[in-house]
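Letters are used for the chains, namely A, B, C, D, E, F, G and H, taken in the order the chains are written, and counting of residues starts over at 1 for each.
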Amino acid sequence: MNSPKVAVVMGSDSDLPVVGRALEILDKFGIGKEVRVISAHRTPGMAVEFAEGAEARGVDVIIAAAGKAAHLPGVLAALTTVPVIGIPVKSSTMDGLDSLLSIVQMPKGIPVATVAIDGSENAALLAVQILSLKYPELRQRLKDYRKQMADDVKQKDLEVRDKLT
Amino acid sequence: MNSPKVAVVMGSDSDLPVVGRALEILDKFGIGKEVRVISAHRTPGMAVEFAEGAEARGVDVIIAAAGKAAHLPGVLAALTTVPVIGIPVKSSTMDGLDSLLSIVQMPKGIPVATVAIDGSENAALLAVQILSLKYPELRQRLKDYRKQMADDVKQKDLEVRDKLT
Amino acid sequence: MNSPKVAVVMGSDSDLPVVGRALEILDKFGIGKEVRVISAHRTPGMAVEFAEGAEARGVDVIIAAAGKAAHLPGVLAALTTVPVIGIPVKSSTMDGLDSLLSIVQMPKGIPVATVAIDGSENAALLAVQILSLKYPELRQRLKDYRKQMADDVKQKDLEVRDKLT
Amino acid sequence: MNSPKVAVVMGSDSDLPVVGRALEILDKFGIGKEVRVISAHRTPGMAVEFAEGAEARGVDVIIAAAGKAAHLPGVLAALTTVPVIGIPVKSSTMDGLDSLLSIVQMPKGIPVATVAIDGSENAALLAVQILSLKYPELRQRLKDYRKQMADDVKQKDLEVRDKLT
Amino acid sequence: MNSPKVAVVMGSDSDLPVVGRALEILDKFGIGKEVRVISAHRTPGMAVEFAEGAEARGVDVIIAAAGKAAHLPGVLAALTTVPVIGIPVKSSTMDGLDSLLSIVQMPKGIPVATVAIDGSENAALLAVQILSLKYPELRQRLKDYRKQMADDVKQKDLEVRDKLT
Amino acid sequence: MNSPKVAVVMGSDSDLPVVGRALEILDKFGIGKEVRVISAHRTPGMAVEFAEGAEARGVDVIIAAAGKAAHLPGVLAALTTVPVIGIPVKSSTMDGLDSLLSIVQMPKGIPVATVAIDGSENAALLAVQILSLKYPELRQRLKDYRKQMADDVKQKDLEVRDKLT
Amino acid sequence: MNSPKVAVVMGSDSDLPVVGRALEILDKFGIGKEVRVISAHRTPGMAVEFAEGAEARGVDVIIAAAGKAAHLPGVLAALTTVPVIGIPVKSSTMDGLDSLLSIVQMPKGIPVATVAIDGSENAALLAVQILSLKYPELRQRLKDYRKQMADDVKQKDLEVRDKLT
Amino acid sequence: MNSPKVAVVMGSDSDLPVVGRALEILDKFGIGKEVRVISAHRTPGMAVEFAEGAEARGVDVIIAAAGKAAHLPGVLAALTTVPVIGIPVKSSTMDGLDSLLSIVQMPKGIPVATVAIDGSENAALLAVQILSLKYPELRQRLKDYRKQMADDVKQKDLEVRDKLT
């Protein structure tokens, strides 16, 4: 339990293209990870087992992605005090609004840290920010990552200025 | 188990004013009932115990009311094959849309029979309609109830015609 | 009338691709079925005739699918005490919100058991859950079906863990 | 049948405060009227009888007001070729959006002329505009009414200019 | 002015594919028509001239289609007492909700008879229903048209029953 | 025409409580003003006359407030090249969304500078920012105003820190 | 600083296709321009530097385009008294509603002049209208541009009348 | 810096009633706190100074509450790698949807951990869950708190069962 560990759970393997972008970022920061497909509705027992054991398995943060009436993040959050980050996945109707409200509007007592619809990069980055409380070496890597993002914008800025002014 | 039985569950006792209107209708039809306060998030273990034991306790139909990210109906539905009717409760923000979408947009595999926002009368009536498959004597009572509703409208119609034409 | 029977009605034959997924599930459970195209607006007389005769024809549950200002489920529900399950069909505008609200927001007195937008699998499964009150042998088949769903998720879970951890 | 006649129907007598403002305008224009309380769901037979007989009773235009899953205007429109004007009534949830979409989003074939949420004055004025095709004397009264409205605005304009400039 | 005449106006020629379906129906009913492209915003003078002259040109009903902040139907309605039917056109954002609200939510005094988003067939049929007050021969044609629609549904019903039961 | 002048127009005198907050700010900056009640729908001729003459009367900026299907700002903008700022006024239904979309979603060619729902203070401040292009002395007053706003926040910050830390 | 100058800023170079249509219009009116890629979130320092220096660099108006939680226009507006025009960019979810509300609903004190979702042509035209306060020669060019737009509509009107009447 | 510290920032002192419920919970858990009023728009410099110095001041987590176009949480998040929790505050229009989308829909790179509209209790509890990574003694307190919440529900459940069964 001396190295950071994030569990990434999706409600269906069809969420993998969205979730995959979170996994890449976790890898880039060298974060250990569990990746799981668990349905709050079709495999409720697995959800209980997974969440109740998370702390003992050394999981520091849980990222959960789900669509439609997206109960997975809230269901997991109810079963552990490990922080849960929720990714609302856009499905074929309602443009993601159903997923977003089902995740973010958690009643008093059990929070889910919600990011944007399909916002898996930010879910991973938020996990790293949270982990940096316990693993301070991550904070510098976050600053480097931000610097890289800023440099990318600056590069684009130069290209656009060259092309258009 | 030879008489009809409906379990009515609310996510918080603050939902009682809404749920109360369902209880009155169940009483009017002489339906046996369990009334419970169970939070999917604050008492997940109670939710599991309640739902997994429902069939054995002779529960024919479950009515579950909840607000905001209203997971209770879906969480119960995942744990039993007893039909679950969901009542989205309007809370202080989003005018009930969050509750509605969190209940009705259940992913493939685990349905919740959803009624209108704050629609507890209809939840009870739907329960009675479902019960009438097993307890045919209820069907006549439903027809009488509908006749009474129609008569009430007709009475109002006469009053309005008298007053306004 | 000794075997289960579900009537599946769609407002237009263009709803068939959505409704077809409900029919497959009913077949899988061995449920007898009537399949109809009836428009609440273009063939109101057919709707009356169909709904008023449903009980006598031995229909246990009605599933009705419609889009836009989707009145069909409510119109049928007003004419019979057989439980009506409504499927809001997404049409070319409003992403299904119009269909959903037109079906779920039924006024006091006449309920429609509403499932997700385009949620025809769940409409069929809800019908089977309701039927199992009268035909108890269906309950075991429902449990087997749920076990199969859970096994599918577990299989996907294993595949994802293999591939990504 | 030589004098104009509008039928004004509401789904519930609780809609009377909204509908009353339409009645006043019809009276101001000297239009004959039928006023009815008919529920598409609780008294479907009355709705059929009312709508199918409307033409024979000399009804030129129907105004129908309803809330929530507001099927009344569409149900009436399906049963007569007399033009139907729909008033979406705001109810206790969803701020009238459910009523609006349930009325305006009518599928191809059966139109309802929809006005604003709670827009009963405009429903009455639209009825008069439609009637003026058959009863040309109404057109001048409409022009006088518009002139009066314009004069009222001009009066307010003068008052505001006096007070604030 | 002894034959029925409908003016069909669109805010941009890009609305022609939507509006075209209204024109076909008007032709089928033998209604005389004016077809115009007039922008409430880019050609406000044309809008004034068109609307103020409509009655004198023998226009019985105006159909106006527009998208986004769709002011055209309301602007025309303010300038004539000829009934105006509004078609909200879906544009590239907001799924038609902007057009719908901009047309249907007209303030007190100036109504627009609004149909569904992209609902041009219904706009034309509503025009014919309105025209039938003045031109009674249209009423029979409307009844025939409805019978044809019903027959089409019945034919589809038979095909679906053959194929699926 | 050597001093700044803003015309403030409201669609109805019931908008005065909202608009009043804009007038106070214009007074604070010493901006000359015209205040008018003009309805795009009930007094379309006044709207044309007002907007076409605005430039000649020395109006630099127009602020127009309206609710529901709020056409006034767009109608004025179509008739003058003077910049028009639109204030969507919240009315009794739809929570201001109808007004907002009717104003902000202007089609290509005729812009309206839209501020927040009921955002009249910002409408006035935006007017002053625009005026400062022509009347540079206003820029310093804007900076002073901003400093005052910042000082107010800092004062509140001190109070809250005192009370709560 | 004797010639008009508009700064056009986008939150990401992926907004260039939208923003490009604004640049073309500015070029057509001969307006000098700065074009920049600046992210309020990834390059906050650049945003501060850009906005605080805008007035000194002779920028008369800023146009800022951004999507999702679109803070860029508001962040820039907080740092300068130069008028800021905001373009909400539609992104992959929520159909632009998130961008629109994040830009238009600015709290009291700091306005952003918001145009339609993806409405970059109107952003440019609004900028020119604002510039015409300081550079009166632009007003005639605006009138010519409007005349050209009107002529285009009239041409389309003639074509449609030829083809369809 | 050896004790947990949360900074709680609100965009306006009018947010204090909402934010106050978060402060109570932080106090209950014995968390050190900074409480500030900082406006992203009216005091942008204070926002920069506050956020850039947060890490050095020993702040572990930031909670930021704001309404309408609620930029504050995102603006702070852009300036520090300390995790930022956003509370969307419901304001007088749009029922909190504007605040929610302005906070949760953050673009790629800078996450904000969003909780429910007006969900300040959950913001505080999420902060404690995050802090427990670094201060493990908090985890037990969280478990006790959850047990207390569960006991409260169980007590209500008993009361309701007594009263209603």
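Keep this in mind: a residue touches a chain if its C-beta (ideal position, glycine included) is under 8 Å from a C-beta of that chain, and two chains touch if they have at least 3 such contacts.
All figures in this text were calculated on a predicted structure; none of them were measured in a lab.
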Using the contact definition given at the top, which chains are in touch with both chain B and chain C? A, D
Consider the two chain pairs A-H and A-G; indicate the one with the greater count of contacting C-beta pairs. A-H
Cα centre of chain F to Cα centre of chain G, whole Å, reads 18
Geometric centre distance via CA averages, chain F-chain A, whole Å: 42
How big is the gap, in whole Å, between where the Cα atoms of chain B centre and where those of chain H centre? 34
Using CA atom averages as chain centres, what separation in Å is found between chain A and chain D? 51
Multi-chain touching residues of chain E, meaning two or more other chains, are 12, 39, 42, 68-69, 93-95, 97, 104-107, 109-110, 116-117, 146, 149
Who touches whom among the chains? A-B, A-C, A-G, A-H, B-C, B-D, B-H, C-D, C-E, D-E, D-F, E-F, E-G, F-G, F-H, G-H
Quick check: in the complex, which residue numbers of chain D touch chain E? 55, 60-61, 81-83, 85, 100, 104-117, 119, 121-123, 125-126, 129-134, 139, 142-143, 146, 149
The residues of chain D that touch chain C in their complex are 11-12, 39-42, 44, 48, 67-69, 71, 74-75, 77-79, 93-94, 97-98, 101-107, 109-110
Would you pull the chain G residues touching chain E in the complex into a rising list? 90, 95-97, 116-118, 146, 149-150, 152-154, 156-157, 159-161, 164-165
Contact set on chain E toward chain G in their complex: 10, 12-13, 16, 23, 33-39, 42-43, 45-46, 68-69, 92-95
